[in-house]
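Mind looking over this structure? Questions follow.
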Amino acid sequence: MMEIPKLLINLKAYKESSGERALEIAKQAEKAWRETGIVIGVVPHIIDLKNVAAQVEVPVYAQHVDPMDAGARTGHIPPVLVKLAGASGSIINHSERQVGLHHISEVISLLRELDLSSVVCAPTPREAAAVSALNPDAVAIEPPELIGTGIPVSKARPDVIVDTLKAVVDVNPDVDLLCGAGITSSEDVRAAIKLGSYGVLVASAVAKSPDPYRKIRELVEPFVEITRA
Amino acid sequence: MMEIPKLLINLKAYKESSGERALEIAKQAEKAWRETGIVIGVVPHIIDLKNVAAQVEVPVYAQHVDPMDAGARTGHIPPVLVKLAGASGSIINHSERQVGLHHISEVISLLRELDLSSVVCAPTPREAAAVSALNPDAVAIEPPELIGTGIPVSKARPDVIVDTLKAVVDVNPDVDLLCGAGITSSEDVRAAIKLGSYGVLVASAVAKSPDPYRKIRELVEPFVEITRA
Amino acid sequence: MMEIPKLLINLKAYKESSGERALEIAKQAEKAWRETGIVIGVVPHIIDLKNVAAQVEVPVYAQHVDPMDAGARTGHIPPVLVKLAGASGSIINHSERQVGLHHISEVISLLRELDLSSVVCAPTPREAAAVSALNPDAVAIEPPELIGTGIPVSKARPDVIVDTLKAVVDVNPDVDLLCGAGITSSEDVRAAIKLGSYGVLVASAVAKSPDPYRKIRELVEPFVEITRA
Amino acid sequence: MMEIPKLLINLKAYKESSGERALEIAKQAEKAWRETGIVIGVVPHIIDLKNVAAQVEVPVYAQHVDPMDAGARTGHIPPVLVKLAGASGSIINHSERQVGLHHISEVISLLRELDLSSVVCAPTPREAAAVSALNPDAVAIEPPELIGTGIPVSKARPDVIVDTLKAVVDVNPDVDLLCGAGITSSEDVRAAIKLGSYGVLVASAVAKSPDPYRKIRELVEPFVEITRA
């Protein structure tokens, strides 16, 4: 399994980051990775996943998968098809696409069998701890009230990150903690790292940026600093 | 908050255990409780909940509640209405009525604020551990493949109970463990207790019994033995 | 099957209209019915359904039912249990509890087999026409943007009622049309009748009224006038 | 808007018809279309949709779309992204991916605004009539008990097709009727046409065929015969 990205870029279902633009952002993530050595992942819309995965070497994640094998499953997304399309993992239970507890558990198992990574989103420290018990590769804490606001969780709610980290480590120390919601600058990322985050999950900051490459470089800079230190 | 029942009797949506029969079973549970001192809870259909709760002193639980306050919520079940109807708690995430992770988390909080108990069902040790992190009062482990079979989890899959107990204790030692699925005799209950269960969750064994009182007495007998010992 | 109520009072999950208060409102509806001869139905919360149905002779409806028979269905509401509790029918697909097309279709059939009435809610003329094809007893048109506003659909959006009536009659002339959303006065009811509505569906106007009896009498008055005319 | 395909080939989430194989089948459909003039549509998995749509001239449909615009909608499929990927339309409410009545209604409107076709699936004549009132371009009747059986609806349940056609025409004569479930041979297609179907919806017969081109040619042959006659 590939290393979990330090910077995971969710392109959501934005028009601005779909189609050719999804590929372009992924290419720029790849360039930043080559320059810095920091693993950067891209989470394109499922429509773009295959095309993006075919053309970049950075990890490409799905935004959602369903707990099932391939087969007569019209309109569903079995993890194995995501694997065959070149993905390295999947986000699970994003606040915009919440699923049942059993769904999360099943999907983590299916992804692991396929050697794909699982990043499960949770809105609170308690739910982050809960999903950690399901043994995913990473948990992304995203207080929903901050998603898309530009108010960085790492500065507005440092307690949430600290509590989550403590709760997650208690339950399962093998799980990496990503922190999301409102992260838009290197300063936000630095604050997240200082609080103990393994990495960050971002969306509009990159997806809607007029200069995604520059924004990506800015956001990975704090990880580069750590490596150097 | 009341003590979690050692024997929790789910009447499901069986015709055989609804209406007058729900009340009758609850009365017999009450009688068995008075005689033995072992706390026995009844989980009638929501239609019968109020009538049953008004007429017995044993704890009465809802089968499902929704994560919301009272209000313009046609067709939903806010915990506060269940409280006003006299309930002592609610089952959450039964395998026949699965809900999202966030639903579980919200409902546990709402129930606690109302001084109502929460018993969260989980089909696997891993999911039992996950829901334990949400700090419910109890977790009920029920392997779905055994529900309604009459094959007792405590004898067919002792490993599931042992693994669940270990996983739950690791995450949250304050959570009581109930064990369900296929429990129909005092022997099954004894096996469950020996493996470390706090109590048992049963359904058809009592709900469809020709002599519910006798079946209840049989099922609580192992708890009486412990108390005596 | 009983006649569809001209005035159907949805008590939702309001605290103000649950428990003893649900019964009180139903009693007042019964009184108004005895005085006027206009059929008035009450839709209490499922927790109160049985108690209310046992004590009044006006039709009592459920707010929601599930497409299934009685059985091992923890947390679900089979129509047959609603029938055994004394209900005369059920609302289906209320905007606060939307369900799938197949759910609607199955529930209408199950209710009919049990000699229970079905009132299916729809937010637009087109969806009202669609559900009419499933052959329910009545369709209630409720533009969601007006629900709970006190702005009466019959005055703010007469076109919606007219279009719905036309669409419904085209598809299935046997279906009664109720009109809901924002109905709070006899004037609103009169406007609804003038536009061709069979009856009205109300909620907070009665459920939260300081004097439900008086409000009910006001709302049925236009139907009395028609009968006299 | 493009003409609704006479033969619509659902590739579901089969491994056998995903990736390169999806493209191959689409190419063979295109070849058969060029040779016969009969419009043939392909419904690849969403992962393959873009790649397939970019490389063939026959209509390509999505298997499912969500009722929403592009935006912060992680894990969802807005119709506009499907349009930008080159699709001509979408299946809605397939029996393997059922959705709410309001979902169907909203999606039909969104697709129409984008000049995309809508093919709504329904399991019974009554539900087919219901969705016809929502004014889709086509309705596909698929008795779920026959899906994937190889028992052709057109021969096993001709009454279902006849009843559906009658019900649909009554409600909305502009809607094309496709018939699905168990269609595997030209004989089945011929029976469907004779009963009044506009076209057919197939899946495994083509998707799992050792020789998809030959199977496609066989299935369109009855439409060619009509054209000639």
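Points to keep in mind about this one:
Which chain is which? They are A, B, C and D, in the order written, and residues in each are numbered from 1.
FYI, contacts are C-beta pairs under 8 Å (C-beta built on N, C-alpha and C of every residue); 3 or more make two chains touch, one makes a residue touch a chain.
None of these values were measured; they are calculated from a predicted model.
Note: the chain lying farthest from chain B is D, by mean C-alpha position. For the pair chain B and chain C, the distance between mean C-alpha positions equals 35 Å.
Centres computed as Cα averages put chain A at a distance of 46 Å from chain C. Touching of two or more other chains is recorded for no residue of chain C.
A ring topology is adopted by the chain contact network, closed into one cycle in which each chain touches exactly two others. Taken together, the chains touch in the following pairs: A-B, A-D, B-C, C-D.
Of all residues in chain B, only 93, 98-102, 104-105, 122-124, 126-127, 129-135, 167, 170-171 touch chain A in the complex they form. Those residues of chain D whose C-beta lies close enough to touch chain A in the complex are 10, 12-15, 18-19, 45-51, 63-64, 68, 70-78, 80-82, 84-85, 91, 94-97, 147-148, 203-204.
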